[in-house]
Amino acid sequence: MIIVMKANATQDQVDHVVQRVESLGLKTMVSRGVERTIIGVIGDESLLLGQPIEACPGVEKVMPVMAPYKLVSREFKPESTVIRVKDVEIGGDKIVLMAGPCSIEGLDRLRDIARAVKSAGAVILRGGAFKPRTSPYSFQGLGEEGLKYMRQVADELGLVTISEVMEPRQVELVSRYVDILQIGARNMQNFNLLKEVGQVKKPVMLKRGLCATIKEWLMSAEYILKEGNFEVILCERGIRTFEQHTRNTLDINAIPAVKLLSHLPVIVDPSHGTGKRELIKAVSMAGVAAGADGLMIEVHTCPEEALSDGAQSLTPEMFQELVRDVRKVAQAVGRDL
Amino acid sequence: MIIVMKANATQDQVDHVVQRVESLGLKTMVSRGVERTIIGVIGDESLLLGQPIEACPGVEKVMPVMAPYKLVSREFKPESTVIRVKDVEIGGDKIVLMAGPCSIEGLDRLRDIARAVKSAGAVILRGGAFKPRTSPYSFQGLGEEGLKYMRQVADELGLVTISEVMEPRQVELVSRYVDILQIGARNMQNFNLLKEVGQVKKPVMLKRGLCATIKEWLMSAEYILKEGNFEVILCERGIRTFEQHTRNTLDINAIPAVKLLSHLPVIVDPSHGTGKRELIKAVSMAGVAAGADGLMIEVHTCPEEALSDGAQSLTPEMFQELVRDVRKVAQAVGRDL
Amino acid sequence: MIIVMKANATQDQVDHVVQRVESLGLKTMVSRGVERTIIGVIGDESLLLGQPIEACPGVEKVMPVMAPYKLVSREFKPESTVIRVKDVEIGGDKIVLMAGPCSIEGLDRLRDIARAVKSAGAVILRGGAFKPRTSPYSFQGLGEEGLKYMRQVADELGLVTISEVMEPRQVELVSRYVDILQIGARNMQNFNLLKEVGQVKKPVMLKRGLCATIKEWLMSAEYILKEGNFEVILCERGIRTFEQHTRNTLDINAIPAVKLLSHLPVIVDPSHGTGKRELIKAVSMAGVAAGADGLMIEVHTCPEEALSDGAQSLTPEMFQELVRDVRKVAQAVGRDL
Amino acid sequence: MIIVMKANATQDQVDHVVQRVESLGLKTMVSRGVERTIIGVIGDESLLLGQPIEACPGVEKVMPVMAPYKLVSREFKPESTVIRVKDVEIGGDKIVLMAGPCSIEGLDRLRDIARAVKSAGAVILRGGAFKPRTSPYSFQGLGEEGLKYMRQVADELGLVTISEVMEPRQVELVSRYVDILQIGARNMQNFNLLKEVGQVKKPVMLKRGLCATIKEWLMSAEYILKEGNFEVILCERGIRTFEQHTRNTLDINAIPAVKLLSHLPVIVDPSHGTGKRELIKAVSMAGVAAGADGLMIEVHTCPEEALSDGAQSLTPEMFQELVRDVRKVAQAVGRDL
């Protein structure tokens, strides 16, 4: 950590800061420049976390040198994490396809969609039973009933499942039925929920918040790892920008960036990342080309009847075409589907 | 709702959309322009909520005409809502001052701060017992112990209290100790939490999310009102933008905008809205000039020892000066402190 | 265009709006709903451009139905535009590689870099002679001298050239030396400059502004086409968001989106789009997978001595590796380098 | 400047960086921490401007300590700058009101508007003769004819004038007619234009770009001062964010922030800052409460006939009411109109 003093900081103020820092067991190195005095802190920077050095008189700003996360970083664990769920590997050589409806709407419809996505190449079935909706008047999901349908269909077809958990009290229930717990974008900083899924023996997919920086996203993952659950999958699903033509702006830079900073696998969700059916295939191909370990895609046998996200749901035919073209890109980057 | 068909939409596609809309009990009005066919929907637009008309073949886009919220709108309730808590009125003629430490750190310190802010003019004591922190390694709050200190100090000094509740399971506990429940910015779309506080007989202050639009903020308030709790206070605390000089960008436009759209009272939080101690007074004055019903300010007797947000905490002396200058602005706009 | 009247609009106000619209030679269709009266406008919407109907008493909002651009749209010209410069085709089957230093720094250095990028597969040499720099104290470019070096090197090696023009007075000069004029991101809405390059018989590459929407970007291209110059290349170079880990956020969605909306070719600039050397290869591959017609990459034989953008410049070796991997992706999407 | 080396940087890499820095006449201080080696640079940081130290092998990141601007900073000139134009002082005790139409549309209309704003309290007449419009099909301004009208009306009524200059070639022409040159938001980084107005003996009002940081805004002002023109007025006119309810988000934090960082006067433009007529008065009051030195407001005698920005233009009556209420706030903060 570097502490920059104000131009007019007094010697007493410098001494006071040095004392505060050293009282925590750290060393300092004071550099008196022409225009500013700078105090370098030597030692474990995390001891300063939560110490408001910026509030000391005479301090202009404080600049951390180290990343604030540990367990999720490649410095901590250089080799990439591969998560195994039944016979599916996430983060391995193969690109993993997660697909299914936005919401689980009924047993038969779910089975139809699941069959379609499986036959196209998907290995993980997605579908929401608890739905975070902007409006209290929108469909809120089938709840436990939906989870039962999902389990039944997945068992019939031999698919792994993923579904969202919205609050700490649901964790036990959802864990009973699904293989991978999903934390939605709006809950990325629901810290109590993160702690709760950190104590479960199930992989967790953590979606990036709509306006979360990469650093905050990794800090939220750190919450889960800190509780003991190292099976965390990151999911880039687009961030909010001024652009209105698309629902979100998929941050393609984040994929190689996170792969360099962290050992965790990264999935791309182009359905939410674009919000427009006609853009999903191209952005899926881009995601895989950029290094993503898998894709999560919304598919519906009759998008215009979907109870949520119909406008960004692909038909089974469109999904099949997407898989065909994504496979070519996967092979071009030395992977497969 | 207006449905715009694609340039090359067929008559069958137009008919299909008309049928879908009319099957919901709505009327339509089809206008065939030179370049586009447009279908106007007449009747209760909310019947179309969750109907993915955009997914129908031939549809280019769907444009809603009405705001998606009802209970929070001034169209529903033209007169401004005034919330009474003990002898404090929020949304009335007087500007309400909420002040106190970011986190409750101990009984004596809290009492010192509470005395200082009360003597300066604050009527509501703020302080966090459950703290949503970006890092799992930061101080997470004293929990119930903190709430007890808060109750004790508030009772000694005759102050109303406000404190954050972070998840549904905490609602009952926090309600036992505090007068106003706060929903933090990161939980603005924690819908289960919103439903839970909607069933409590306590006023709720809903902070705007870091990247929430005004519409989404009002929709989150709608969740609470829909459950039966009409005592909702809105709090503008800054949004996230590209600007890095300040922690957030306080959206001053939102204050008059929300006062026009909704009947609910609006509080401004310039501590988080700026993140910089030296900007708080000016932005507090601006907030009141723009029509805010009150301010929430972080104050600490020793900011450099604060366990959170020290850099944006005012000393009691700075707070006193702020109150003096805000009072002049309040009087200039026909209100008082 | 759809005009939504306020809930309390009077009949007189509705009549007044209808009259205003019809006086322009357009037809109207009035739909009286339960909550709002809506006026649909039938006819050439562009006649209403610059008519502030929103300022008429009783109007709540105005919603345009048509895109505001014409000449750049695929509705106007369905087939993709291919621009030929000497023996290079931009927008054709082959992915076009533009590479070179950020700034032209001297004849020998430019020649070295040009040789390196040519041997790796680049067909267009980039290099700035007039440099838009945030700071007046930074290197501002060699000016005409730089252009001469560029012409000489390009002629020696048989390369096409591209260089930035910063203001109307430079257009004639830069046109004398280079094959493609570049409009930088900060000048995307320098409308006088757009008009000026619209009158030149040279292709123009228009970079997207840092906070320009796709619509505004296309409107700026429209300025150039409207003057008679249809040889416009669009370049996505990243937009500004809250994310600070990367210099900009490359908007990958924009590539397929613009290819659908417009017939113009699209180039991706991952050097500015990421600002980080280690991310450029992955994002280049993503850009081509998403449908871009080419890439623009900053290359320098000694990045640490570059007079601008050193931190995002690739060495010739890194560029060679990038070309090798991008080629595989190009082939996977049915194109080539 | 602080240079942070990568975790695995070699001694040779550290030595190389030290050598590079010292070869520029600067001193270094190397601090070897447990996890990172850090190199502090002592001396005039500006010598490193344009030196891509980040591109040296082994460097993780470079953190500047000093602000990159000089002449505009309060460290350079502690006392506030007051600009005198005829009998008007900008940056002095009085709040300055600039008002008038968005575009100059004709002599009589301009005279009517000018009379109205003058009688309400405005001392500077605004009006555009050269209009930067997003669409090439929109009204582009009357050009020199408009400037002549403006001069005539201002002379009749004893008003100071301000009008936009869009490109270097117009500077001489516009200077002949108007008292203060305005640089529009879209030209904030039109560096050739900045250099040109830096050589003129007229005050310049520099609008903040739509997505410019405070630092970039001040750097653009620095361009003008560096050329010798110290009479620069800054104008906050809102930035672009995800919020769509308002045209822009007026950055109220920027007002006190810039007043602390710089000695230059700051004007607020709530017309563009909100884009909504009904929000302008409240935000004007907020701007003055936050410390602005003046306001720029669009006024039109018949907004629904305005050739540009009608929806955000006030009628003379609304402007009068605004002045009345702003005056009260001005007095509350110890100033006057």
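Structure notes:
Residue numbering begins at 1 within each chain, and the chains themselves are lettered A, B, C and D in the order written.
Here is the rule we use: a contact is a pair of C-beta atoms (placed from the backbone, for glycine too) under 8 Å apart; a residue touches a chain by one contact, two chains touch by 3 or more.
Bear in mind that the values here come from a model prediction, so they are computed numbers and not experimental data.
Comparing the CA-atom centres of all chains against that of chain D, the greatest distance is found for A.
Matching the C-alpha atoms of chain C with those of chain D calls for a turn of 180 degrees, to the nearest 5. Distance between chain centres (mean CA atoms), chain C to chain D: 26 Å. Rounded to whole angstrom, the centroid-to-centroid distance between chain A and chain C, based on C-alpha atoms, equals 31 Å. Distance from the chain B centre to the chain C centre is 38 Å, each centre being the mean of its Cα atoms. Listed for chain D are residues 211, 240-242, 244, each touching two or more other chains. Residues of chain C that touch chain D in their complex: 20, 46, 49-50, 52-57, 68, 132-139, 166-169, 186-187, 189-193, 195, 210-211, 216, 219, 222-223, 226, 240, 277, 303-311, 313. Touching chain C in their complex are the following residues of chain B: 2, 4, 7, 29, 31-36, 38, 40, 42-45, 63, 65-66, 75, 211, 240-242, 244. Residues of chain C touching chain A in their complex: 211, 213-215, 238-239, 241-246, 249-257, 260, 273-274, 276, 278-279, 282-283, 285-291, 325, 328-329, 331-333.
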